[in-house]
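Two complexes follow with subunit A in common, the first pairing it with subunit B and the second with subunit C.
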Partner chain A sequence: MSEEKLPPGGPAVTQTGHEDTRRFRVYRYKRGDGGERFDEFEVPVGPHTTVLDALRWIKQHEDPSLALRFSCLHASCGTCGMQVDGHEELACVCSVQDHGEQITVEPLANLPVLTDLVVEMDGFFRRFPHEHPIIRSSGCPSEGEDGEAHLEGGHEVTLDLPSLVPLHHHPLHHHHRAATPAVDFVRLEDCIECGLCLSACPVAATSHDYVGPAALAAAERLLEEPRGVEREDVLAWANRPEGVWRCHVGLECTRACPADAIPAERIMALRRELMFGDSDDEEGKR
Partner chain B sequence: MSTRHDAHVLIVGGGATGGGLAHDLTLRGLRVTLLDRGEVTSGTSGRHHGLLHSGARYAVGDREAGVECIRENTILKRIAPGTFECNDGLFVAVCDEDLDYLEPLVEGCTGAGIPAQRLNASEALRLEPNLNPDLKVAVRVPDATVDPMRLILRFFATARHNGADIRPYMEVIGLLAHDGVVTGAAVHDHVTGKEGEIHADLVVNAAGPWSEQVAAMAGAKVPMTPSPGVLLALRGRYCNMVINRMHKSGDGDIVVPQRGLSIVGTTSWVVEDPDDLSVPEDHVERMYAEGSKLIPALRHAPRRAAWSAARPLVGSAGAASGRELSRTFQTFDHAEQDGIDGFVTITGGKATTLRGMAELCADVVCRKLGIDEPCRTHETVLLPHTAYYSEALAA
Partner chain C sequence: MSATDELPGTAEREQPGPIRHKGPGPSESGWLDPRGRGHGGRALALHRVTGLVIVFYLYLHLGVLSMLLVGSSAWSSFLSVVTAKSFLAFEVVLIAAVLFHGLNGIRVAFVGSGIAVSRERALFWAGTVIGTAAVIFAALHVLGALS
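This part shows the complex of A and B:
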């Protein structure tokens, strides 16, 4: 028995009793190495094997020089974005069973490749509006990934209890009344900053100064819940040729988003606000 | 007092431990280089359930760990504002047997200085309507949730801004030694595919469950028992608070909300190779079964991901499940232990106490290098996580 042959993410044997495998075509590039290429690997897979499981198996058993970016393994950190058969995916939740016998894996587009499947994220983060807090109040729209609100009205609970944690420790509570017995819940923003939307965006492919969907969606979240940021600053930041007006409404960003942050809808909301909102800044209207 | 502020420390491992240490040593004025074979937080640190412990989980069996947790919990909320969902946690009793744990829990928390508040069933259900309606009683404690990677990136961002050289995708393939003194590392750069050497006055092994393997490169011994656990991410956010089972630590005793997901953890067993982790389906099924005792709707929540992470437990093989090994951390000065100078290992511990671990390890490093500088990490607010990627975002 060869332990090495155990597939990642579950048992090797399919319902028919045969060992299941996939052929992976993996993009390779090393700096100073001259040129890119694809390497091929045969990987045993099980019913729950993900593309990331398979790539880590390759790294462990076939080619330790394969460089990968990953961290949380459950679609929360946003590090393992890549193109799988030409579509943007988080490799950690991309099942090999949803793909064919041969699976082609390439790095994200519209960002420079650092090595193999790893892109440089600096350019992604530099596009964001300068202030974009990641903690927001809970109970906002777009709860849950199935589009259902699992916590209806769960934003604030009035309970006749003293607060456990002094309110000033709560990041959102600077200007809240001090001695309320209400409990305000907070949560992390939906966007996991994975870069899938920027990679999928057809406009970003040809317009390198376009700030892109994730940054614009973050700006729109600030309009929805400013958290100390000036609305007018956000609108002015978005109201540029390389900002909200560059989008061609291809909707690829929203298709690619693994966290239901709905960037396309937020870009349109920003436009609506700039065109019809009650902004004092007349220059900001079209 | 001798000071060697040009002293160069090489840290092996870009997890919570290495990140905390790089930040601490940089603040004390040392030159720091940190290496990881992959992305930072790609080992254990990025994979935990996202709980910032209040210490209540340890307050009954291990008061010292409980005290450590509540101290660090308070410090981290202060130095990393905006990173935590500060929604508190509940320990809930869902059967009569759980009630046996109520008094020890409240007493343990009180003894450890952890704020704890008894709630009756209707109070708990008003806070968290999706809880098991049969729940008997709950205790509210200052647990919080965190995006594991972003918290650690704030340490890396601040260290980098203060001059540390953080080098992901740089794998240590050997340790350099002369006359019983470790003087640096041989490395393989996965960005260029080239090999090279990095020299340092002191090397710190912060490789978590891989610490034993890194120590062995210098002929030193670190007895690690990597103890994996399975975690399950389900679609849908069913709670805002951290939901803990009110009994002693066991399989599937916690549900942690994370954006639009609910994370159920965890199981515990032991392995020899932390790279060889499986995700047994029966463990996944146990997470469903135990998690839905806390929040019944989880029984039918769609699976988003199931994964394993290896806890870096200090201790020797022979432990069956890993739960009997201490969750605390240890610093090994290999000069004392193996007669190998210039080489320190820090391992064990948990994400909540990363700053405190780093402080004690940095004390050992500074003592060895003859540097007398106090720790300042408890009072230094960290840069945002985005500053790790772009210096322009450090303001």
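This part shows the complex of A and C:
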């Protein structure tokens, strides 16, 4: 193997002296180019090679036309979401060592493919309620001269709650997600809007009208920290057939979520709020 | 540039791309494929399948009952078929489907109304144990091992 073809993530030689490789079956689609297909590539891998490393290696050494989307390389931006052997993963933190000799890589499900492993995320973001722009976690408020927080687009809010809530006060606290040495906390701003939950959702596979787990989780998160938005408006938005009631409790969204935003539990919290008018019931106080 | 002078592939680029779904077949089968699913997704798929089985059996049952209109001889000959051991095995499958659908329905009702979200997995395994024990008992009873 030539030096420039060495894999990322360590040497491609095992302890027994054999070269370690994986066969990648990569989904390909180019508009106007004869439909969908899978291409196979033999990729040298090391002990720390991720799926994204391997795909970038393919792009660099085998097929420059392979299109993929990535940015931060540490599971923070949520742009490299894809299906690896049928599981929703962020490719940048998905180790090839956790998979077999052949690894199948496909774009996210339930969203239109733009090209190869890149999907059109517009359909994902359109599911967030446009009447509550603050519901998007990427709509970060900034403090103005008047001391009040402002959102891009002129939506004014007042921040009167911290973005961290003590875990034992939070209705979803039984999901032990973030911990400090002193006190456990539930972060309310965990969603990285990667779309993995929508891809994993079996209901979204058959209902394009379904709002989806991420938007509903964001709505529930807004109930926890309203920031000037009327709770009733948020509940009215969620309380519709294509909203919380379309969920069939498959719980795949929570399983797929790489940021532990627990969307399924948040959907159920929304339902509890709608049915009993009390999201802080005994479920939350346990 | 006029429409006739546009570059090759321009029209194709305007077309929406395919939407991938889990599993082979038409998009409607996206919920059915158990690969890559957890226990919740598999339970959802099995819940739908058993629901279809139960609906199918309901209409089959009504159709079979209509044989009574034909006469007692037709009914008796039919009974001799359905009480055969090989046919009773289907009855055990039906019981298993009804039990799974019912027990999982209870789990979904509790979890889906936000009452026992944190105990969802415990409910699933409790239902599995109860359902399995009930199916074994029913199988022994239906197939005559207990008589």
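General observations
Assume the second predicted complex is superposed on the first by the 218 of 286 C-alpha atoms of A that agree within 3 Å, B and C clash if a C-alpha of one lies under 4 Å from a C-alpha of the other, contacts with A are read in each partner's own complex, and residues count from 1 in each chain.
Rule of thumb we're sticking to: a residue touches a chain if its C-beta (ideal position, glycine included) is under 8 Å from a C-beta of that chain, and two chains touch if they have at least 3 such contacts.
Predicted model only: the values in this text are computed from it and were never measured.
In the superposed model, A:C92 lies in contact with subunit B only, and not with subunit C.
Looking at the shared chain after the overlay, A:N110 reaches subunit C, while subunit B stays out of its contact range.
Residue contacts after overlaying the shared chain place A:D122 against subunit B, while subunit C stays out of touching range. Considering which of subunit B and subunit C touches more of subunit A, the answer is B.
Judged by the touch definition given at the top, the superposed model places A:G32 against both subunit B and subunit C. When the two complexes are overlaid on their common chain A, residue A:H48 makes contact with subunit B while staying clear of subunit C.
Looking at the shared chain after the overlay, A:Q60 reaches subunit B, while subunit C stays out of its contact range.
In the superposition on chain A, A:I192 contacts subunit B only, with no contact to subunit C. Judged by the touch definition given at the top, the superposed model places A:F70 against subunit B, while subunit C stays out of reach. Applying the stated touch rule to the two superposed structures, the overlap between the subunit B and subunit C interfaces on subunit A comprises residues 31-33, 114-115. On the subunit C side of its complex with subunit A, the touching residues are 9, 11-13, 15-22, 27-28, 30-31, 33, 35-38, 40-41, 43-45, 108, 111-118, 120. Put simply, subunit A touches subunit C in their complex at residues 27, 29, 31-33, 36, 83, 85-88, 106-115, 119-120, 174-175, 200, 202-203, 205-206, 247-252, 255, 264-265, 268-273, 275-276, 283, 286.
Put simply, subunit B touches subunit A in their complex at residues 38-39, 41-42, 46-47, 50, 77-78, 81-88, 115, 117, 119, 123, 126-127, 129-130, 140-142, 145, 147-150, 169, 188, 190-194, 231, 233, 235-241, 257-261, 263, 275-276, 278-279, 281, 297, 302, 304-307, 309, 385-386, 389-390, 392-393, 395. Chain contact summary for the complex, subunit A toward subunit B: residues 3, 6, 9-11, 30-33, 48, 50, 60, 65, 67-77, 79, 92-93, 114-116, 118, 121-122, 124-126, 128, 130, 133-135, 138, 142-146, 148, 150-151, 154, 157, 159, 161-162, 164-165, 169-171, 183, 185-190, 192-193, 259-260.
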